[in-house]
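Chain IDs A, B, C and D follow the sequence of writing; residue 1 opens each chain.
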Amino acid sequence: MDYLLHVMILALIYSVFAMSLNLELGYAGLYNFGHVAFFGIGAYVSALLSHAGVPVSAAMICALAAAGITGALLAVPALRVSGDYFGIATLVFAEMFRLVCLNERWLTKGPMGLPGIPRPAWIAPGVEGMPAYLLFAFLAAVGTFVFIRRLTGSPFGRALKVIREDEHMAQAFGKNILLFKVKAIVAGSVLAGWAGTLWAHYISYISPADFTLTETILVLLCVVLGGRGTNWGPVVGAIAVVFFGEAVRFLPIPPALTRYVAPLQGIIYGGILVVIMMKMPNGMIPEHRRKNT
Amino acid sequence: MKKSLGIIICVFLLCAGPLSAAEVKVGSNTPLSGKLSVYGEGFQQAMLLALEEVNAEGGIKGSPMQIVFEDNNSTAAGAVSAIQKLITVDKLPLLFGPAASSNFLAVCPIAQQNKTILIAAESAAAEISKCGSFVFRVFPSDALQGIGVAELTQTLKYDQVVLTYINNDWGVGLAEIFKKKFTAAGGKILDEFAHDEGKTDYRSEVLRIRKSNAKAVVNLTYIKEGATVLKQAYETGLKVQWLMGSASKSPKLVELAGEAAEGVIGTYPTFSQETPQYKAFKAAWEKKYPDKKIPVFGEYNYDMVKLTAKALRMAKSMAPEDLRKAMIEAGKGYMGVTGDKTFDENGDVGAVYGCWTVKQQAIQDYK
Amino acid sequence: MSYYLQLLLNGVIAGSVYALFAVGLTLVYGVFRFINFAHAELISWGAYLTLMFSSPPVSWPLCLAVIPAVLLTAFIGFSQDWFIYRPLRRGSPITLLIASIGLSYMLRNVLRLIWGSDLMTFSLPLARGFEFSGYYVTGIQLLMLAAALLFLMILYLLLTKSLMGKSLRATADNLELAAIMGVSMPKVSAVVWTLASVFAAAGGILLALDTNLEPMMGVANLIKAFAAVLLGGAGNVWGALLGGLFIGIAENLGVAFFSPGYKDFVSFAVIFLLLLFRPRGIFGLLTGVR
Amino acid sequence: MLRIQNVTKAFGALMAVHGVSLEIGDTGVTGLVGPNGSGKSTLFHLITGFYRLDQGDIFFGPHSIGRLPPHEISRLGLIRSFQHTRPLPFMTVIDNLIAAAPGQTGELIWPLFLKPARVRREENNLHEKARGILRLLDLLPLADELAGRLSYGQQKLMELGRILMAGPRMILLDEPTAGINPTLIRRLVEVLHRLCEQGIQIFLIEHNMPLVAKLCQHVFVMDSGELIFSGTPKQAREEPRVIEAYLGRENHAA
C-alpha cells in the first residue's frame, strides 16, 4: 500500500513541522505566522547542497544550521513587536522569503522548482524506498518528540510558560524574556528546517509554490486542532489533518456531480474546522487538564 | 459515537470498494481547487465530453469507461498525494497528469517507477521529455513554442521588444527559450521583467513598458493576467503591438479585455479548425455546454481521452507494458482535433505552430 | 519625473482599495481583537452578488443591483458573527482565527459551487482613461478613489459624532469596561459587522468593475489589507486609510527600481521595517505596565 | 542599601515622579505611603526597571541599576510584587514557586541535554526549598493545587513565597495586604518579621496606616510625585504636610 505509506510519511513530516510550531505558539505564546519560511529554508538549502554534490546527510545538517541562524536573525528584530504584530512581521518575512526563491532564478531556478532531489544514500529512490523512508521519518519524528518533551518538561519549558502567561512577572523574577524567546524561535526554526529537509528529500521536487501562506495555515491548524501547548497535541493534530485531508477524497460523490467535487470537499473541510473550533476550542488534547482537578 | 464511526467506515468502504469489473477506469489528477482551478474546470468538462462520446460509441470492448477525478489543489504536494491514491488505492494503470509543468514534474517519477501510464494534455515544460518511457503528452513541448514566438517577432520585423512574462513555471520556461533564440538572431530586448500571477493591478508594469518606447511587447502570460494588462494598457492609450503565447489564446481573453485585445498576435500550436474532427468537436461541445465557450486546451484534453480510449481498445491486456505499446500504436497517425498525435521516442508529439490574432472581437488565425 | 508621479498616482488608487478592505478589518479587529479571515469572502460575495443581480434573469442596472448585493453581504457578515464568532468570543483569538479560516473556505467554495471557478466580468464598455497633461486615470479609478474617500468620511463622522460611534470606540478601547458601562454589545457588534460587510462589498464591487471576478479575489488582497490595519494602528479608521495608501504607493513606486516580480516584496519589506521602527503602527500608542 | 537620587519620570505633561531622592539602609521594614496617584507605584516601576528613568539614578548596594532591564535588577536580589495578584493559574502552587528561582541550569538548552544529572539535582533542591517556604507560609497542604483555585489572600501569600524563592536581598511589596482578611494579614506580618530577622530588607507601599505604624521603622511619604516626608511613622502622623496631603485630597474629593 504505497498510498498508505505516503500518507503516513506525510503525517509524520507534518507532525515534526507542527511540533516545531507548537514550541513557539503553544509554549512561548509567539504567534509565528511565517513558520513556513523555515520549512522552506530547510528544504531549499538541503536540496541545493545535495544537488551541488554534498552528501545528503551533510546537506541536511547545513540546512538545519541555516534555518536556525535565519531564525535568530529574524527573531532579534521581530521580537521588538509583540502579539499580532509579531505575527504579521513573521508572515511578511515568509512571503519575502518565497518571493526571493521565486525571483532569484540563478540560485533556485525560480518557479521551475528543483526536481530530482536525492534521498539519503541508504534509502532507495522512488517507490522501493518508501518503507525505508517511512522508518526514517518515524525515527525523525520520535527524535523530535523526545527532544521537545525534554525541552518543554524542563525548567526551560516552565520558564517559557511563565513568559507566555505573564511577561512582567517573568521579568520580575529575573527571566531574560528576549533571550528565552529567541531560543524558542531558534529551536523551533531548526526543527521546522528539519521537517523541511525531510519533506524535500521525500517529495523530491520543491518549488516556491510549496511555501505559501496556505502551508502556514495548514500547520497552524495541526497545532490548534491537536491542542497547543501539549506534547501530543501537534502530533495528533497533524495526523488528523493529513488523514482527514486525504479522507475527503473518498467521499461518496456520484459521478454525475464530479464538477462539484472540489467545492463540496472544500465546504465540508471548512465546515468541519468551524465545528471543531466551536466544540473543542482548545483542541483535541486541551492543555489545562492538569492533575488534581 | 461508535455507531457514527461505523457508518463513516462503511461509507469509505463503499466508495473505495466498488471496483466493478464492468467498468474500465482511468484516473485524472486535475487542479479542481487552488489557483489553477480557473482552468481545471474547463479541462474536466472537455474530458467529460470525450468520455460521454466514448461510452456512446460502446465504451471499451463493451464495458463503459470511467474517469476517477482526483483534485490536486494546484500544488505539487497535492498532485503527489493524488497520484499515490490513484495508483495504489484505485489501482489504475493509466492516468491523466496534473496541469502545471511544476506539478507534473513532481509526479512523473512516481508514475514511471510504478509503471503507470501518465499523459499530459497541457504541461509544456521542455524537461518533461526526459520523464521516462511511461510518460506521454498530447501537447507539444515549450521548446518548440519559444522558438515559434521568436520567429514570429522577427517575421514581423520587430527587432527591439520589451519582454514580460508571468512569474511561474510556464512563463519563465518559455521566456528563457524565447530570449535565447531572439537575441541569438540579433534581436534586442529593451526591458525584461516578470509580472506576478493573479494581480488585479498591472498599471505600473504597463507604465514601465511605456517608458521603454518599444513598438512591440512580447507578453507571455495567462488569460486573466493577459486581459488585465491589455485592458490597463488600453486605458492609458499605450499603442504597441502585443505578441503573446498560447496560454492566453482563449475567447475568455477577448471577453475580459474587450476592444483592448484587438490586434493582438500570438503563436500557438496550431491545428486546423476546418477538419471534420474539429467541427464535430465544436458541435458536440456546443450541444453539451451551450452557454460555455471552449476552454483553453479543451481540445487537447478531449483528444487525450479519445486517444486513450482507442489505446485501451487496442491493448491486449491492462498490463503496463501492453498499455504502453498500445499507446504508441494508437498514436501512430492518429488525427485528433488538435492534429497528428504520433508519439516520438520521448512520448512527445510534434506541432505546427500557427499564429492567432484578435479581430472584431474574435480569435482568428493570423496569416 | 512624470513617470514617478504617474506611479505615485497608481499607488494612491491601488492603496485606496486596500484601504476599503482594511477599514472593515480594522473595525472587527479593533472591537473583537481577532483577524477575520473570512473578510476576504465578504469582498468576493459582494462582487458576485452584484453580478448575479445585474445579469439575467434579474438583469437590473448595475447601480440598482448593488443595493440588494450589499444588503445580502451585510446579512452574510452578520450571520458569521451570530452563528460562529459570538459563541466563540470568550475563547482565545487563535481559536477565532482558525474558525474564520474554516468559514472562509466554506464561503469561497459555496461561491465556486454556484458560479464556478472561471473568471467572470461585468462586461462594461471599455473606456480610454482621461488624460490630464500626460497623466492617465480611468473613470472607475476615480470612482474607487472617490468611494474610498466618501465612505471613510461617512465612517469618520459616524464614529466621532454619533452616540453609536462613541460606544463603538469605547468598546474598541476596552471590551469589558464598555459592557460594564452599559454599552449594548449586541448593538455594537451588529453595527460593526454591518459596516465591515458594506465596506468589503463596496471594495469588492469596485475591484470587480476595474478588473474581473474570481473566487480568490478577496484572499489575494487580504494580507495587504491586514498589513494596512496594523500599520494604521488597530481600530484606527484614518490609520487604515493611510496604511493602505502607504502600501499601495510603496509597491507601485517599487516597480521603477526593482523587477515587478518583486512588487509584493517591496510592500512587504516596507511593512516589515515599519513594524520594527513603529511597533504600534503609525498612530499607535505604547501602553505601560499595569 | 537602596539609594535613589533625584529620580524623575513624566508621562507627557504629567509629572508622575519628580526629583525624588531617598535612601534605605539596613533598617528592616520601610514604608512608602501617600494618597492615590501620588507616584508610589511609578517609583516602584522605576526602581525595578519596568519604566525607564527620565532623570536621576538608582543604586542598589554598589550597583547602579537606573538603566538596567528588569530581569537584571531582579538577579541582583531586588525582587518586587505587583499591585494585583498575578498567579500563574494553570500551574500548581509549588510550580509557581519553583519557576521563580533564579539561575536554574535547566533553563539553558545545552546543559539540559548535556548535564541531566545536575538539572535533576537542582530540581530536587528547588522542590525542597519550595516546600520549606510553603510550610513557613502555611500553604503546604495546597502545594499541588492549581494556583488559580486559591483564594485571593492565599494567592497573595503564595506570591510572597514566590518572591522568597528568588533569593531576595530586598523585597518591594506593592500593597501586600490589600483585599485580604485579618487572619491572613496577621500571618503575613509574622512572615515579614521573620524575613527581617534573616536580614532581608522590605520596602512596601501600604494604605493600612495602623499596620504601617506597627510594621515599619521608617516611612517615606509622597504626594503629587514628590517626596514630602521622611521619618518614623509616629513623626509622620504629626507632620502637618502629611496631614495636609491626605486631608487636602479628601476635602477636594468631598
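The rule is short, and it goes like this: contacts are C-beta pairs under 8 Å (C-beta built on N, C-alpha and C of every residue); 3 or more make two chains touch, one makes a residue touch a chain.
From a predicted model like this one, the values you see are computed outputs, not experimental measurements.
Here the chain at the heart of the structure, going by C-alpha means, is A. The most distant chain from chain C is D, comparing centres defined as mean Cα coordinates. Centre-to-centre separation between chain B and chain D, using Cα means, comes to 72 Å. One simple way to say how far apart two chains are is to compare their mean CA positions; for chain A and chain B this gives 33 Å. Centre-to-centre, using mean CA coordinates, chain B is 35 Å away from chain C. Measuring from the averaged C-alpha position of chain C to that of chain D gives a distance of 48 Å. Within chain A, the positions touching two or more other chains are listed as 102-103, 168, 262-263, 265-266.
The residues of chain B that reach two or more other chains are 33, 37, 40-41, 167, 194, listed in rising order. Shared interface positions of chain D, defined as residues touching 2 or more other chains, are 50. Remark: chain C residues 35, 84, 87-88, 91-99, 101-110, 112-113, 223, 226-227, 230, 234, 259, 261-262, 264-265, 268-269, 271-272, 275-276, 279-280, 289 touch chain A in the complex. On chain A, the positions that touch chain B within their shared complex are 1-4, 6-7, 10, 102-103, 105, 110-113, 115-116, 126-128, 203-207, 209-210, 214, 245-247, 249-252, 255, 258-259, 261-263, 265-266.
In the complex of the two chains, the chain B residues touching chain C come out as 33, 35, 37-38, 40-42, 164, 167, 193-196, 198-201, 203-205, 207-208, 211, 223-224, 227-228, 231, 234-237, 252, 255-260. Every residue of chain A that touches chain D in the complex is listed here, in rising order: 150-151, 154-156, 158-159, 161-162, 165-166, 168-177, 180, 183, 187, 287-288, 290-293. Per the touch definition, chain B reaches chain A in the complex via residues 11-12, 14-16, 32-33, 37, 40-41, 44-45, 48, 66, 69-71, 75-77, 80-82, 84-85, 87-89, 101-102, 105-106, 109-110, 113-114, 125, 127, 167-169, 171-173, 194.
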